[in-house]
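To start, the structure itself, in structure tokens.
Each chain carries a letter (A, B and C) given by its place in the written order, and its residues are counted from 1.
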Amino acid sequence: MKSSRAEGGAPVASHSHIGIGDEIYQLVAEIFPICRSVAGEGVRETLRRLQREIGLTIREVPSGTQAYDWTIPREWTIRDAYIRNAAGEKVVDFKSCNLHVLNHSAPVHTKMPLSELRHHIFTLPDQPDRIPYRKSAYAESWGFCMAHERLMALPDGDYEAVIDSSLEEGSLSYGEYVHAGTSDEEVLLSAHICHPSLANDNCSGLALLTQLAKGLSGRRTRYSYRFVFAPGTIGALAWLASNEPGTKRVRHGLVVSCVGDGGGPTYKKSRRGNAVIDRAASHVLRHAAPASAILDFSPYGYDERQYCSPGFNLPVGLFQRSLFGTFPEYHTSADDLDFVRPEHLASSYAMIDAILDVIENDFTPLGTLLKGERQLGRHGLYVGGDGAPATQASNMAMLWILNFADGHHTLLDIAERAEMPFAELLATARRLQDHGLLVR
Amino acid sequence: MKSSRAEGGAPVASHSHIGIGDEIYQLVAEIFPICRSVAGEGVRETLRRLQREIGLTIREVPSGTQAYDWTIPREWTIRDAYIRNAAGEKVVDFKSCNLHVLNHSAPVHTKMPLSELRHHIFTLPDQPDRIPYRKSAYAESWGFCMAHERLMALPDGDYEAVIDSSLEEGSLSYGEYVHAGTSDEEVLLSAHICHPSLANDNCSGLALLTQLAKGLSGRRTRYSYRFVFAPGTIGALAWLASNEPGTKRVRHGLVVSCVGDGGGPTYKKSRRGNAVIDRAASHVLRHAAPASAILDFSPYGYDERQYCSPGFNLPVGLFQRSLFGTFPEYHTSADDLDFVRPEHLASSYAMIDAILDVIENDFTPLGTLLKGERQLGRHGLYVGGDGAPATQASNMAMLWILNFADGHHTLLDIAERAEMPFAELLATARRLQDHGLLVR
Amino acid sequence: MKSSRAEGGAPVASHSHIGIGDEIYQLVAEIFPICRSVAGEGVRETLRRLQREIGLTIREVPSGTQAYDWTIPREWTIRDAYIRNAAGEKVVDFKSCNLHVLNHSAPVHTKMPLSELRHHIFTLPDQPDRIPYRKSAYAESWGFCMAHERLMALPDGDYEAVIDSSLEEGSLSYGEYVHAGTSDEEVLLSAHICHPSLANDNCSGLALLTQLAKGLSGRRTRYSYRFVFAPGTIGALAWLASNEPGTKRVRHGLVVSCVGDGGGPTYKKSRRGNAVIDRAASHVLRHAAPASAILDFSPYGYDERQYCSPGFNLPVGLFQRSLFGTFPEYHTSADDLDFVRPEHLASSYAMIDAILDVIENDFTPLGTLLKGERQLGRHGLYVGGDGAPATQASNMAMLWILNFADGHHTLLDIAERAEMPFAELLATARRLQDHGLLVR
């Protein structure tokens, strides 16, 4: 991203990319232990931590409030949860891992034989050493999650099950942060905040966007950038319901999740399929990684489902490394602080930054002379002598831009046609502008 | 095909698909022995047999009548035909196989040496044990067809050639049957009836469409269904010439031939290339069989050539199993009752039925709430609990429909985009309608 | 190319293709030794040689004249150039190969140690036995080109470097020839003339177009054909600057270069990408050679860059055998009279001729009966008897044309759809016209 003036060229965020991976990772590590849920103190605590980085506004939506087809659930407070055997030993303990309790579980204190208790225990038989993440936010239920091999090792007999939680009227919390640009046209950047201790899904998205927002502060941008950190589905719907008129200002957007693993990158297009964000992200990913996957929209995934519901149909895509649901660590205790790496967080950051650079800096160049090729040597612009091949990338970039600077092609159009990175064409276009060969 | 009301969901035809293959096969077997030609008693006898199943109207067009560039030929009557050797033994006998006589052959009674007679004998040197099917409806000529190995085995000498046929003024016959729907917009279903004993080409098409028509009777459909059983080329042209204004009512159509073998399925698109019938057939075949072939229109084939001639340009495609001309049994005595199988007839029936179901039932759904995703669990529609993956097909079908129920997409549009079978989306759409989440 | 009347069908040029390769090769061989440059006597001498074949007009543009962003350079006269060792032996001699002098080199007469002289010597380390072609037309400089292995073999010591050249005010020359057609709509055919002794690049293009122009003379054509033989870049720009209003008459065009080697064929599309010339050339090349390459426009290459600059955006593509820059002989002394072959020149000629035939003869046929298929047998047009397969190409050509002769498809449209050669459809269309089945 760049100032809307021609000068410049540096990425939107002021961080050097060296070290940004570590900064994001540090933040991931700090919010990882918090036991978040759809509504309750966990989300609030996480937002307060992010507030220490950026001037986040925390908004509260009371339980029972309608958001389209959904209702804000009660707040969940969890104090403790365990299963104790006859000998009084805890065989499952929330305090050792907050995935052990069914997220948003109702309270319970009971004793029952294992055969009965099993109906309340979720495991992953295919990954017997991992604890699954399960939730029950909209249907009252209680339960535990544990490693399958641990469950298998439990002797029959009676067990005491305790979940010291409460479900009470309160509010759902979400965070919002706006970086004001020269225009009130907006770029929406959204990450879900409802998962407990899952590092990639989605401490990584929250931390990356927070650092991105931090990097924007004090910079002059063309667009305004709106960051939304909200519980999945219901949080995005609550935001939409509270901001319906404002959604008309959204020109581009990204949902960001699972950005710390080494897979992908993956971009899932908006429902429109050919929005500028779709083209910009496809372009950047294609040049960033040969293994990148560009997927068509489908109505399953993260909060792009809400932003792209037909009544809004916003130009919002989904950026990830590995696609959700396709990696074995997904929604298990293996999605931990070892699974996400600073270098992957840094490269995700760089790609998102590059996508936003396209959005922020794209323009329609107009050559000051449209007839015949420019004599670049005379303007001191040609690399290599007279008769040297133009095939050097910098020469080719000039030739592409000047040939298509007819007022009908944006730089992104030209980058796609030339199959050259947007950043390189942008730098070249600025040089051509400086030499008077191009105007906007 | 379905009633145009929302209820229902069963295929248009009332037959159970179990047994339908046998019913079609039985009819194929009954009409197989008849010696049909372009015009004459053979076609009439076949039509009368079909009349026992459905209230077919038999229409007669007098010899000499002009149909665009063509003229209705004289009727052909064939009583007997044979070649007899010097010993008085019949070495070729029409009574053993009606392919032995050149179809529409002029009469002859002559004796000549084999060397001379050979100019009137058609064989297949590459398939020496098979009798070819040949005709000469528009140029007067006489001849025999026989197995090449039998011809090779004949000793030299004089042979007596007898064709006891007559070519006389009369009429060309075709059959027409209309199932009236709630609208006078029509679906045209056409099969050629001019071939003698060739089981796949086209006793199979005639029998399948007859059973389809039978299955329609008494059912309420959106479209009217017009069945045409006419001699190839000239019969279709005669029908077109007699029904020019009526062709404007044809919204969709299929030519049906060679539907009893185990190849394909094959769909050849209408000349328009993107008619609804083309999309519906492509969709159904893609899901029905990975080996299905979708071919672009070409001006060679069956009567789709006439329906798709530029002056009509009707949205009529061709449904087959193996493509005509590509299987060795094509136009030979090997296209017999062993070559067509009840199970293939049944699956062809099911595919045609599914194509017509798309045509009949496609509509443009409109969600009753377009903002945000529906909370399907609350409506009792979600399969699996809170937090269970939506990847179950039935959940995905709901999500696809609701996301695209914006009034701009038909169910077929959605089925193509979701790559899910139309029938499954239709059933899902009806369920969503029942729950008030969707209207038409 | 053909007269615009229906009769005929022979290629536009009157030459028999037998022998045309030898005629072109002979002309290549005659102009090969001339030391051309951007401006000077070399170009003039070449144009005078071409004038002996066709009534070429030689135009002169004075040095210093502005052509858009470029200025006509001074004329270059080269009399001699050599490097002499201490023993007085010439180790590099312009008289043995005119590539030895940097093209457009300033004069010099100096003595210096080899270590210093090397900065003025160009070689090809990767192809040590070949002399490179280098020029310096727009920056004053002096230098030599030589085989790398020869340079490596030179002992250290002082050498005498002599370039007996002059750079003086004069003019740039280009040749223009117009074959007038029945319309003043033009086909532009352009070849660059500035290279010294390089046979493929571009004696081949000059000679081929000259023979093509010669073949046109006295023939009646629909289009006028304008041939431009001009120095690369600046010559094309000078022509454009002098003929701006005239460029509006250009309907189609080809830049022709490197047409004597055995590679390709290659067609690079005009900037428009879907101009008729692009479709015609793609069609012809696809049928001419399975290995043909159809490339999208890029702003690097020959003078199509100027014709396709956005202020003109003319429908002009580039026809070559091997693509420039991709063959090792490119811009070296190996691009000699052994590298180009009469048979390749002949096949290039045939392909260009076929492309122009499409342009010249394409039309929109209209069937005289649009309803139903024609009974081709009755019109004496059907190959094979009644019931014989239509799959013979000549039958299929008739069926394709008649089915698409609805007034909305040109013959080229039909050729593309039928995947049949245009020439075959054209001959067929004429036969159908003769039989009254088709009008224009």
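Quick note on the criterion: contacts are C-beta pairs under 8 Å (C-beta built on N, C-alpha and C of every residue); 3 or more make two chains touch, one makes a residue touch a chain.
Because the structure is predicted, anything quoted here is derived from the model rather than measured.
For the pair subunit A and subunit B, the CA-based superposition corresponds to a rotation of 120 degrees in steps of 5. Under half of the residue numbers at the interface between copies subunit A and subunit C are found on both sides, making the touching surfaces mostly different.
As a whole-number value, the distance joining the C-alpha centres of subunit A and subunit C reads 54 Å. Of all residues in subunit C, none touches two or more other chains.
Interface residues of subunit C facing subunit B in the complex, by the touch rule stated above, are 367, 369-375, 377-378, 385-387, 389-391, 396, 399-400, 402-406, 418. By the touch rule above, subunit A contacts subunit B in their complex via residues 67-70, 134-139, 141, 233, 237, 240-241, 244, 271, 298-300, 305-306, 308-313, 325.
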